[in-house]
Amino acid sequence: MKNRGITTSKIKNNAPAIPVLVWVGFFAGVPLVFVLVISFLTRDSLGIIVLEFSTENYRRIFEPVYLKIFFNSFLLAGLTGVVTLVIGYPVAYITSKLKGRQRTLTIGLIMLPFWISSLLRTYGWRILLDYKGIINNILTGLGITNEPVTMLGTFAASLVGTAYMLIPFMIIAVFNSVDKLDRSLLEASYDLGAGKLKTFRNITLRLTLPGIAGGFTLVFIPALGLFFISDILGGGQTVYLGNKINELIGRGRNKPLAAAMSVAMVLFITLVIYIYTKVSKEEVGGLL
Amino acid sequence: MKKTGKLSSTYLLVFFALLYLPVLSVILYSFNKSPSTAQWTGWTFDWYRELFGDPVIADNLKNSLTVALLTALLSAVIGTFAAIISMNLTKNMKKTLQSVMLIPLLVPEVALGISLLIFFNALGLPFGILTLVLSHSLFCVPYIYIMVRLRLVEIDKAVLEAARDLGAGTRQVIGTIILPLVTPSIVTASLLAIAMSLDDVVLSMYMSGPSTTTLPVHIFSRMRIGVTPKINALCTLILLGTFIIVGLSQFISRGPKKKEKIKNEDF
Amino acid sequence: MDRNLLEIDGVTKYYGDNHVLKSVSFDIRDGEFLTLLGPSGCGKTTLLRCIAGLEKIDSGDILLKNESIKALPANKRNVNTVFQNYALFPHLNVRDNIAYGPRVKKSMSRSELEAKIGEVLDLVKMKGYESRMPQELSGGEKQRIAIARALINKPDTLLLDEPLGALDLKLRKYMQKELAHLQREAKTTFVYVTHDQEEALNMSDRIAVMDKGTILQIGSPSEIYNEPADLFVASFIGDRNISQVTVVEKNDDHVTIRLGSNVINVRCSNKAGCDFKSGDKAYLAVHMDKMRIACEQALDTLKGKVGSIHYAGSQIRIEIDVDGSDFTVIEYQKNECLCGEGDTVWLSWEEKGGVLLPLLPLPGGLSV
């Protein structure tokens, strides 16, 4: 293929890329290496890091206490993925069928929360889910429940908050996939005798799998780290990875352990991404 | 094409209602008389008044804005530079560049935060505006890169060749042709960077200094302790600011296109 | 028109394994309108881009006014290109587009530039369009601005890469006349690339026919049309009937050949050589619209049977079978010999209209 790059010569010039790589590598790569190194060290009673190699931290991760934390986080992230998928898929599907101004408007409305402060979005649920809040007022007022329901401080609240925060990602990922769906394939399916449900399962779902996988990945990863949501809404009842790491650095003064947990987290995420690339056969850059 | 059924429309409407309900609640309750979170007792502007008189808030806001602007600037330079040179790289090099660039986005902010914390500590850097800008740029650069690249690939290669053919050296081609064409994308992406920087909570928590916290960090710590509707008022005002930024970016990306009219008839 | 402006000397180029230009050598004369003509993929555009400096050559040399320019980058060569899709700068208006060259090279003062812009817009008949943006122009208008943008730099030669390709038929025909006229007025050498033979024949002083990376023949339009150097040129230019024949005997000024049961005399092409021996196989190539149909036998005719007759607008196409070989005769008005399907007719042609070509092309293929 002819190369018509900027210098219109056939020589690809890789040299200019070096400063960018250095910059990103330096500020992203090196710190991560630091973390890896520190995860193999220990600390003394004052919290200062001791330069002594030990796999102590990784051993501790497998203690039930910490395993539970991992489990909680993965559970939350996983359920967030499921919830956003179930709620978001129809939204994406319906939107892809819209045309013209309706479509632009709808897409705009879906994307808009993305620009709104995440703290604001989370706090809103604090108001709504409060013991004396709107939802409870409606529930008791309509007689659905006798007493106000405690919603804040539960796992469910964290789930709602996290799902709410990340659902635009799921919708957009699925939308990209659904939008490319060739409607004539559906018509062919009907023509051959398959009902709507079967068509959906066999054709639509299968073909939009990349979008689903992408959306799930895009939701799962941040869900692991958005601990401030569970902090605000979950009342700190359940301990998640983010909270724990945060705590260990601050009050707990155990940077090595925090580092180890971070490494474990990143490893797991790498695994998720790897699975994603296998499922959808796309490059990671496509996620954005 | 089938028109959207009643079920679909209802679903969408309910969805959007739920989507914006929390936001509206915050705005609404910023006018709530009662200092408690959720009980509505009456209408007032007091919280806004209190807000404007709060020096801590003003200070944090100043920090946030400074960081956001510097981040946008730094990210724009690095991101645009990376996008332009990426057009001339070998396939593998380009893949490497993009993968490395994406790392900060794939790592949860907690992990990134702790790693940068340790790293900057080791380097002896003072924590504050500098560390905030550096860390924010890490997750802003990819967005600038992608948006600028998107525009770059749209440019007809023949246009660049024509510039060369007419006598322009490489620097002139970049300066007189590429940059002008790419500037709207840079601006839009920079606005995005500003919005993302202003909103960042987790990373900023680690990167703030003793005397320089950003607004979100301040708000978050307040939310944990105890809240009055003053927070609502603050959030509402931030919302207003965000909408102005969004409006600006939409305006910039739509404006020039209106002038395009392609005549097809005979000269 | 005598001096050689450009010399292409053994230019060779590869794209990976693809041998795109195979030691191409020819000269371009000062002030001429030369067309590189050939099918897609023959290398004509590549050759043009090599002259422009937009592609590097692997071996050989390119000399402009006797100086080698092959090492010069595109922006340092005094040649300018008119691109196929015009490549006008979308963010600059017409005036700034045209001014671009002089501005980046800092070759003119402000006042001089203003004057020159006016001049060149006059030349392309687009005065008054200075403030328009490219998006507001039609195809033909964009084209003329692209030409103006190139010409203002007073290049030693102007290179045009299929500039009329995107225009509709009527506009194309008009622009062909305009471009030829423009070339003379601007007194600039044009090197023009196209796959449209009619265009080439209409506009050029000389045509270089290319195929698969080599130049098969260079000559004036009438030369190319009437004296093809080989089979490819004969079949590419004009509409010819091509049939394989056997040489009976070669004489001084003509060759006797046999086609089926017919034995006739034909002439050789001036540019293809006439090296035939008795028994050789050869090709007879006759322009379809130079053939005549007669109802009676005469000397030096081919006897055949009428197959089908098609009416296509201004043309009448008559298919005739000559002992197994198919001939198509194109007529523009009803023949005196009102033949119908199945009739036996006798075909002849004006001498200029047909040639005998050897089975293999000449080695090198080039004659100047």
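Details
Should a chain be cited, it is by its letter among A, B and C, assigned in written order, with residues numbered from 1 in that chain.
Keep in mind that, in the parts below, a contact is a pair of C-beta atoms (placed from the backbone, for glycine too) under 8 Å apart; a residue touches a chain by one contact, two chains touch by 3 or more.
The structure displayed is predicted, hence computed values, not measured ones.
With centres computed as the average of Cα coordinates, no chain lies farther from subunit C than A. When the interfaces B-C and A-B are ranked by how many C-beta pairs touch across them, A-B comes first.
Distance from each chain's C-alpha mean to the overall C-alpha mean is smallest for B. Mean C-alpha positions place subunit A and subunit C at a centre distance of 62 Å. One inter-chain figure worth recording: subunit B and subunit C are separated by 56 Å, centre to centre, where each centre is the mean of the chain's CA atoms.
For this pair, subunit A with subunit B, the centres built from the Cα atoms lie 18 Å apart. In subunit B, the positions touching at least two other chains are 158, 161, 164.
In subunit C, the residues that touch at least two other chains are 54, 74.
Within subunit A, contacts with two or more other chains are made by residues 8.
On the side of subunit B, the complex with subunit C involves touching residues 156, 158-159, 161-169, 172, 176-177, 180-181, 259-267. Put simply, subunit B touches subunit A in their complex at residues 1-2, 4, 8, 11-12, 15-16, 19-26, 29, 36-39, 78, 81-82, 84-90, 93, 95-112, 114-119, 122, 134-135, 137-138, 141-143, 146, 157-158, 160-161, 164, 170, 173-174, 178, 195, 198-199, 201-202, 205-206, 216, 219-220, 223-224, 227, 231-232, 235, 238-239, 242-243, 245-246. In the complex of the two chains, the subunit C residues touching subunit B come out as 52-54, 73-76, 79-81, 83-85, 87-91, 100-101, 104-105, 133, 135-141, 144, 149-150, 153, 170-171.
Interface residues of subunit A facing subunit B in the complex, by the touch rule stated above, are 4-8, 12-14, 16-17, 19-21, 23-25, 27-32, 34-35, 38, 87, 90-91, 94-95, 97-99, 102, 106, 109-110, 112-113, 115-121, 123-128, 130-134, 164, 167, 221-222, 224-228, 231-232, 241-242, 245-246, 249, 255, 258-259, 262-263, 265-266, 269, 273, 283-285, 288.
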